[in-house]
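Given below, in the form of C-alpha cells, are the structures.
The following pair of complexes shares a single chain, chain A, combined with chain B in the former and chain C in the latter.
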Partner chain A sequence: MTEAVRNPRLHALGAASIELAEIVGGMGVLLARILVRIHKFDGEELVKNLYKMAVKSLPIVAVTALFTGAIMVIQAAVIVKRFNAEGLLGWGAGFGTLREIAPLLTALMISGRVGANNTAELGTMVVTEQIDALRVLAIDPIAFLIVPRFIAILATLVMMTLFADALALFGAAYTGQGLLGVEPMTFFNGLTGGLLDFGDVFNGLFKSFVFALVMALASCHFGLATKGGAPGVGRAVNASVVASAAGIFVLDYLVSFLG
Partner chain B sequence: MSATTETHPDPSPPDATEGVEAELGFVGSIGAAFLDIAVAARELYSVFVRTLYYVFRGKRVKGAVLHQMNEIGVKSVAFICITMGFIGMILVYQSGLQAKRVVPDFTMLGATYLELLVRDFAASIGALMLATRVGAGIAAEIGSMVVTEQVDALRMSAADPIDYLVVPRFLASLVMTLALIVIAGTVAFCSGAATAYVFFDVRPDIFFNMQLVDVGDFLTGFTKCMAYGAAIPIVSSWCGLSTFGGSEGVGWATTRAVVNSSLAIIILNFFISAAGFLIFPG
Partner chain C sequence: MLAFKNIKKSFGPKQVLNDVSFDVKAGECFFIIGASGVGKSVLIKHLVGLLACDSGEIWLDGEEISRFDEQQMGPVRKKCAMVFQHATLFDSMTCAENVALPLRKHKDMNAKDALAEAKKRLSVVHMQAFADRYPPELGDGMRKRVAIARALTVDPTYVLFDEPTTSLDPVSARRVDTLIRELCDKLGVTSIVVSHDLSSIFSIADRIVMLYKGKVLKIGTPAEFKATDNGIIQQFINGRAEGPMDL
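The block that comes next holds the complex of A and B.
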C-alpha cells in the first residue's frame, strides 16, 4: 500500500485503468454467458420486454426523428443557398441522416429511455434480492431475465432506426418546402437520384445493431453489478447511461471506417 | 417547456394501464395523454419561474455554486473530450466521403466544418452528451433526496428546495455548459483537422479557415449554449423533484431526466436553428 500512496496520481491512473478493464471484461463475460443460453429464452418475457421497450418508445422516437430531419435541412440550407443547388438538398440531408444522425440520435434516445430503465429495473431486483430468489428456485437469471432483454434491445433499436430514417426524411422534405421552397418531389428525386443506395441505409442499420449490442451489454452489466440500496440504483443508472454513450461514440467511429 | 412527452412513467404493472385504456377508450386515452402533457408543462414552467425568482431574490449558501460547477463542469471534461474527439473524426471522415462523390476538392472542407461546428454541432452534440451525464446525475441526486424525505425536511425548515437545490445547479450549468462547449468545439475541431490530414491530405493551415464563420454563426451558437445550459438543469431537477416510489422511482426519474432533457435540446435546436437561418440567411 505504501508504494501506491507514494505516487497518488499514478495510483489513480492505475485504478481507473483497472476499473475500465473490469467493465469491459464484465461486459465480455456477460456476452459469452448470454450467447451460451441464447436458444433458451423465455418467450413471454421477450414479448413483454418488446412491448415495453419498442412500442412505448414510438412517440419519443417519432418526435426526435421529425425534428432531427428538420434540423438537418436547416443546416444544409445555408450551403444549398450558397451554391444554388436545390436538387442536391435531398442527397445532402439524406446522406447525413441515413448514415449518421438517425442511427446516432435514435441510439442516444433509446439508451436514455430503454437502457437506463433496464438498468434501474435489474438494479432494483438485485438490491431487493429478487435475483437471489430466482436462483433459490433453480431458475437461471441470465436465461430468464437477461437473454430476453438482450434480444429485445437489439430488435428495438434496429426497428426504431428504420422507423426514424423514414420519419426524419419526411420531416426533412417538408421543412425544405417550408424554409427553402424546395418541392418534396425534388427532395425525393435528390434522394433516389443514384448518389444514395441501399448500402447507405444498411450502413446505418449495421451501426444501430452495434450500438444496441453495447447498450444492451452495458445496461445489463451495470444493473446486475448494483450494490448499496436506492442510491446504488441511481449510481448504476448513471454509470450505465454514461458508458453506453461513450461506447456508442467510440464504436460509431470504428464502424464508420468499416462501411 | 415543450419536452414533456415522457411525462407519465407508470410504475404499476402494464395490466393496470391497459385497464385504464380500456376504460377510457381510444379518444379518452389520447385526451389523458394531452392532459398529462399540460400538467407537466405547467409544473416545468413553475420550476423555471421560481428558479429565476430565486436567482435574484434567494439567499445562497456560500460555495454551493462552486461545488456544483465542479460536479457539473470539471468532472465532465474527460467524458466530453472523448466523445467530441470521436465525433469530430467521424464528421470530417463522413463529409470527406460525401464531398468525394461530388467534387473532389477538399480546400473548403475545413471552412465548412468550422462553420457547422460553431453554428450547431459543438453546442448540440456537446449538450446531448451533457444531458446524459449531468441530467442523469442531477435527477438521481435530487430523486434520492425526495424518496428519503430530505426535500420534505428542507420544506419543514422553511427552505424552498428550488432555492436550495435547483438554483446552484442552474447557475453552475449556465456557466459550465458554455465553457464545456467551447472545449468540446476545440477538441472536435482538432480531431477533425487530424483526420483531414491523415485521410484526405488537407494541411492543418488550410483546414483552419475562418472565412465562412460570421457573427450570425457565433450568435446562433452562443444562444444555443445558453438555452441548453438553462434547459438541462431545469428539466432534470423537475424530473428529480417529481420522483415517487422508492429506489425504482429514482431509476424512473433518471430515465425521464435523460430523455426529456435530450428532447428539450432537440426541440430548442430546431427553433433556434430556424430563427438563426431566418435572421442571418447565408
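The block that comes next holds the complex of A and C.
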C-alpha cells in the first residue's frame, strides 16, 4: 500500500493537485486552439457577443463605478479633513481607482454577469448536443463559438474598465464636493497635477486585460467541459465563477509587482 | 455506398457494439432498429466522427473514414448530414438563422442572401411561417422539421436520422416519415434512420437491420422481418412485453 493511499490527507492533496493541473492545462490547450483560429472568427457572432456582453453591462458597471468613486472619497474624508489636504483628494481617489479598484471591481462584476452567463450558455449547448450539431454541420465550434466570445470578453473588460475609470472619478469628484466641499476643479487639479499620469491608467488597463484573459479562458473551458445535464451546467458555472475570481485576485497580486 | 465492417465499441467495461457489419445501398431508406441502449445511436455517431470505434472499418463511397481526424471529417460531414433525436437547433438563433448558418459557412453566401435562401428551404418542410421564431417557442415536431431543413442545406448524399419520430404526436410523426421517404424518392438521398417506431419502420423502410446485444441479428426487407420466425424479432416488431428478448 502506498503512502498516499494510507494517508487520506495526502491522497486529497494529490487529487486536488491533479484537478488543478487539469484545469490549468485545459485552459492552456484551449488558449492554443483559440490562437490558431483567431483569424477565422465569425463576425456576426462577435457583434452579437459584444452587444450582449459590453452594451448590456453598461448600466451595472455605471452603478458600480459611480458608487465606488463615492466610497473612495467617503473613506478618505476623515484624513482629508484632519490634515486639510483637499488638494490631494483627486490624487488619492484617482491613484486607487485607476490602478486597483476600477479594474478589480469591474472584472468581478463582468465575471459574475458575463463569465457565468458564457459558461451556462456553452454548458447547455454541450449537454443538449448543440456543439455536436455544429461539428456535424462541418462548422468548427472553436472558430465559430469560442473565438468571438474570447475576443468579446477581452474587448468588453478593457472598455468597461476605461468607462468605469471615468465614472468612478466623476462620482468621486461630486461626492467630494457634497461631502467635503472640495470643488470638482480642485479634485481635477489633484488628478492632473503631476502625481498621476497615463502610466497609471495603462497599469489598470493592463490588469483588466489579464483579468479578461483568465475570465474568458475559465468561462469557455468550464462551459465546454460540462458533463451531466442540468446539474452539470450548475457545477460548471460554479467552478467558472470561483476559478475566475481566484485567478483575478492571484493575477492582481502578481501584476501589482510590475509597477 | 456505405459499409460498416466489424465495428467494435466499448464504454469502459461495457461492450456496446460487438462485430457489427452491414452495408447500405445508395438511395435507399435504411432503418436501424433494436431495443433502447443497444447501440443504434452510437453506431451512426461513428459515421460523422462524433465517436471513434475501437476496431473495425467504415467505408463511405470507397474511402475508409473510421480513423479520420477532425479536419479530414469536414468533407465527410458535408456529405453525411445528421438530424439528432432532440433536433439540437441553436436556441439563440431564429429558425431561419439556424438554416442560414450552414449556407453562410459552406455556400459563401452573405447573411442577407443566406436568410432569404433559408426561408425558401423552410418552405420545403412547411415551416416558412415560423422562420422568425426561436426554437424554444416551437413544438417537437416543428423543431424536427427545421432540423431536417438545416441538415439538407449542405446538399448531403446521406442523411442520418436519430429517432426522428420519438416524442412526436402521430400526425407529426407521419409528416416526418413522409419527408424522409420523399428525400429518398425525389432527391435520391440515402436515409439511415435509427428508430423503434414500428409505424415508421413498416411504412417507409426499404431495408432494416436489427441490432441485439451489440450484434446484427437480422438484415432484410420489412416483408422479410414480418415473415421471420425468430422469436426475438417477432417480439420486437409486435411490441410484446413477454418473449425471449433479454433486455
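The definition used in the following text is that the second predicted complex is superposed on the first by the 254 of 259 C-alpha atoms of A that agree within 3 Å, B and C clash if a C-alpha of one lies under 4 Å from a C-alpha of the other, contacts with A are read in each partner's own complex, and residues count from 1 in each chain.
Here is the rule we use: a residue touches a chain if its C-beta (ideal position, glycine included) is under 8 Å from a C-beta of that chain, and two chains touch if they have at least 3 such contacts.
Not measured: the values here are computed from a predicted model.
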Chain C versus chain B on the shared chain A, clash or fit after superposition | fit
For the overlay on chain A, what angle lies at chain A between chain B and chain C, C-alpha centres, nearest 10°?
-> 100
If touched residues of chain A are counted for chain B and for chain C, the larger one = B
Identify the partner contact of A:17: answer first if only chain B is touched, second if only chain C is, both if each is, neither if none is.
-> neither
What is the contact status of A:253 with respect to chain B (first) and chain C (second): first, second, both, or neither?
-> first
In the superposed arrangement, does A:137 touch chain B (first), chain C (second), both or neither?
-> second
Scan A:129 for contacts with chain B and chain C and give back first, second, both or neither.
-> second
So, does A:189 touch the first partner chain B, the second partner chain C, both, or neither?
-> neither
Shortest CA-CA distance between chain B and chain C [superposed frame, angstrom] | 5
Taking the contacts chain A makes with chain B in one complex and with chain C in the other, which residues are shared?
-> 48, 121, 124, 128
For the complex, which residues does chain A have touching chain C?
-> 44, 48, 121, 124-125, 128-130, 132-139, 144
Residue ranges of chain B touching chain A (in the complex, touch as defined) = 5-6, 14, 79, 82-83, 86-87, 89-91, 93-94, 98, 101-102, 112, 115-116, 119-120, 124, 128-129, 132-133, 136-137, 140-141, 143-144, 147-148, 246-248, 250-252, 254-255, 258-259, 262-263, 266-267, 269-270, 273-274, 277, 281-282
Inside the complex, what are the residues of chain A that reach chain B?
-> 48, 51-52, 59-60, 63-64, 67-68, 70-71, 74-75, 77-79, 81-82, 88, 92, 95-96, 99-100, 105, 108-109, 111-113, 116-117, 119-121, 123-124, 127-128, 179, 195, 229-235, 237-238, 241-242, 245-246, 249-250, 252-253, 256-257
Residue ranges of chain C touching chain A (in the complex, touch as defined) | 48-50, 70, 73-75, 77-78, 81-82, 84, 86, 88-92, 101-102, 104-106, 111, 150, 154
